[in-house]
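Labels for the chains are A, B and C, by order of writing; each one numbers its residues from 1.
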Amino acid sequence: MPLLSPLLIAPLLAGLLCLLTPSRRIMEAAGVLAFAATLALGIGLLYRVLADGVVTEWGGFLCADALSAWMVLLISIVSLATSLYAGRYLRVELAVGALTPGRVREFFVLTPVFGAGMLFVVLANNLGVMWAAVEATALSSVLLVALYNRRNSLEAAWKYVVLGSLGLALALLGTVFIYAAACKNHEHALPSFNWSQLVVVADQFDPNLLKLAFVFAFVGYGTKAGLAPMHTWLPDAHSEAPSPTSAMLSGVSLKIALYALLRFHILTTACLHSGFSRHFFLAFGLFSMFLAAPFILVQRNLKRMLAYSSLEHVGLICTGIALNTPLTIFGALLHMGYHALAKPVLFFAAGNIHQTFHTLEFRAIGPGVGQVLPVTMVCMGAAAVAATGLPPFGMFVSEMTVIAGGMAARQTTVSVLVLVALLACFCGILQQLTRILPGVRSPGARPPAPHAGGGVSAMGLLLGGLLVFSVWLPAPLLALLHQAAGVIEGKS
Amino acid sequence: MNPPASIEIGSQAITLMAALMLVVQLLLIAQRMLLTSIRLFAIQSLFLAAIAAVVAYYHNAWHVYFIALLTLVGKVIFLPWLLNRLVYRIQIDQEIEPLLNAPASMLVCGGLTLLGYVVARPFTSLERLGNNTLAVALTLLLTGFFLMINRRKALTQVLALLTVENGVMLAAVALTTYGMPLVVELGIFFDVMVAVMVLGILVYRIRENFASMDTSKLNQLKG
Amino acid sequence: MKAIAGVFFQTLLLLLLAPLLSGCIRNWKAKLQNRRGPRVWQPYLDLAKFMRKDMVISEHASWVFHAMPYVLFLSTLLAGLMMPLITAAAPLRLFGDALAFIGLLALGRFFLALGGLDPASAFGGMGSSREMTLAAIAEPALLLAIFTVAITSGSTDFSQMLGAAQTPAWRLLNPAHLLAFSALFIVLLAETGRIPVDNPATHLELTMIHEAMLLEYSGRYLALIEWSASIKQLVLMALLVNIFFPVGIAVGLEPAALGWSMACFLGKLLLLAGAVVLVETTNAKMRLFRVPDLLSAAFVLAALALLSTFLFH
């Protein structure tokens, strides 16, 4: 039974349906159903990959190994939660007049397309098609970021699209160079551009051209992944987008770009057998973490702070990849998963706060959010504790894995630096959130809007998953992660 | 089949057209009228399509002819028409003072050309047809970036992005025997088309909201 | 003996052909603008008229004023004798190459500027300063473009450049030459004072560059200066057509070859004149502070051409 094609077709059909149907309820339901289907298919894919190693379809055009399967699971669950939350969120926005019905339809059409694009990225075997899919996700998310017709939204969307397109142009150049490096040995026939076949013959590539290709691809895809110093679009885009979209952007689209980077990293290491690509990951990863820390500490806007926190986590994942021991790579992959579960909850809660208090500035929100939105406070508190790396949540485990793995590999400086950056972000986030969440509303504060918080199902799903998977990783999932780590290290 | 002697002429023709693409890029840097800039981009893409056609002729590869045709239809006819329509709707047709004036910009681009040549030096042996087209491609990339930084109107930044894409496509033609596989070229082509449409929508919305296309007014989000 | 004859005939050619070229350009420009225009041989009649007239000289003029027309005329003529027109070997080629050529043209221009300043008229000073500003940017472009061709042919001697152009190693589609040709075309427009740099037919003093320096001159001085300007135009156009398209140039001195070479030369000159007329008619004169933009574009093109000679091998 084909698994990969339905994974792509389901969200696209949902998007098409939303384009045609006039009823808003059908639109809301379509997204939820499509992503529930992809989640089910993803679980099926997990078992198939564990059994067969690699799953291909359409003659090798679509190919899923363990790393792809892991990403498929993450994309599905975050998109499902977003679709669950978006229904109520957009209903409120429509009611207060912040969005027109046309824009709401735009959201429901573009979000499944966005999700389908991301699924295509992880399933495409051909490097050029992978690039085209990343560009497709970028373009579909741009209009989502610009959904509100506010000046700030347009500014954020413009920065996002310009920087993103520039980065992707560089990544395309890197892709072209890799193809040229592969062409060296094939004078008269077209070599295959499929990643699975390239990685087998990587030894024969021209090393100089491959290095140049990696540099361009790293800077290009790194811009999409939000690595500093190419991250300047990140806080703007993630804060000005509607909260469901922010959740998807922070939760998975950064990871998609990291996935593309990982594919190039594996190819480069297979050819050069040196730490050339790892140095890039380490330098940019640490730089991102240390850049995020001060901005979190002085931040005044809730969603911008969350965006900088995403930057920090992406930096941590890159550092974990760079340390290159089985333990740290496993930790990095695990961290991807936990971050994808926790960050969307924070964004959903921020969305609730925004709709209730009509502002995202900490000073304007004031203390005592818990009085007005108790459920939101609990969820946000739990997710914040998770996201800053406190036990018993899973991020503690993954962060400790990375740090401990670094120490074990005698990279003590790196581990210490990572620890310092994590501590700074921990302080920043918790300080800001404790200022607004608990406490009593000050009497002079602006009265909150009557629509109290909602979206419990979405937040509950993710938090529940986070709690469960923090204490118990089912055996198939563990096996999948080990297999994915093996793919990154270069074992077939 | 073509006699091998005429490959020399084909190689020369490609080198010539690559140099012409570079000249058009320099003219773009110094240009102030938006409609003329769009026309210059169309001319540059025409040269790119011609280069692809020459490559297809010498390798007898029908799919590269198809790519040349796609470039012709998409980048020479459709995109300039789209951008022209956007300019008419927005009714702004002149660039405002750039950050660096025209002579200084030209000198900077001369320097960037030198940089592009120096970077591409080690790879000249890998080129198939035509000398130093990789250097021209890298130069198009660098000068496209410079154009994006130097100008403030949103539409010129879109054009700069498109010239960067032209540079990447030229690199693909220069380095690979038959160009990229057809499916990749199709994917890239459609992505560029959709990208320009999305950018056009954004430019129109920016114009509506800010009453100008000056991107230096987009400076509210900081920190 | 042959050398002296060569000098004599080339001088005659320069003196007689230059006004005809100016007349052609003026006539065609008028035809393109739907006017009848002056006759093609009108410049000859104008020169004759100026020669006959009295001169009115400002009382502030010094020896520079009197010397300038002769210096300009002679330097331009000498430069023209170093340029191969019909024969591949220019008559004075042993006395100077491309560098001397540019130096002589610069000498003429220097004295022209001095002659504009000398009578202490406001417009003259204005014209001189404008001329020198444009020269400061145009001459490096001219130099770089000529050096480009010199590097590909291995010598700065024009005859050597022409000789190299006849060999099969010369590539017609060489991008370095294309870039150098475009740079030189823009410099040609600047040096001969054509639209878009300067309007040769203007009578508004504040828009003049070249004419402003000549306002105080009359009579035979003015004739010599106008003649020199035409010769300079002819020589620069010959530079463009002969160095880049040396079709039909006579290598020996047989009359048949010389006749054929003359015909080709005239044909090429007229084609280039047609191109200049087209550019003049389709463009408007640029504002003065925008002209450095155009000339720096020419400079960058020439610099790129020079770069290309090293890198497009």
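Everything that follows uses one rule, which is that a residue touches a chain if its C-beta (ideal position, glycine included) is under 8 Å from a C-beta of that chain, and two chains touch if they have at least 3 such contacts.
Remember, it's a predicted structure, so these values are computed and weren't measured experimentally.
Counting hops only between chains that touch, subunit B reaches subunit C in a minimum of 1. Chain-level centrality, scored on Cα centres against the all-protein Cα centre, points to B.
For subunit A, the chain with the farthest CA centroid is C. Rounded to whole angstrom units, the spacing between the C-alpha centres of subunit B and subunit C is 36.
Subunit A and subunit C have CA centres that are 66 Å apart.
Computed centre separation for the pair subunit A/subunit B is 31 angstrom, with centres defined by C-alpha atoms. On subunit B, the positions that touch subunit A within their shared complex are 122-123, 126, 141, 145, 148, 154, 157, 161, 164-165, 167-168, 171-172, 175-178, 180-181, 183-185, 187-188, 190-191, 194-195, 198-199, 201-202, 205-206, 209-210, 215, 218-221, 223. Across the complex, subunit A meets subunit B through its residues 126, 128-129, 131-133, 135-136, 139, 142-143, 146, 149-152, 154-159, 161-162, 165-166, 169-170, 172-173, 176-177, 179-180, 183-184, 186-188, 190, 193, 206, 208-209, 212, 235-236, 239-240, 295, 298-300, 304.
Interface residues of subunit C facing subunit B in the complex, by the touch rule stated above, are 171, 173-175, 178-179, 182, 292-293, 296-297, 299-301, 303-304, 307-308, 311-313. Listed in rising order, the residues of subunit B touching subunit C in the complex are 9, 12-13, 15-16, 18-20, 22-23, 26-27, 30, 101-103, 106-107, 109-110, 113-114, 117, 131-132, 135.
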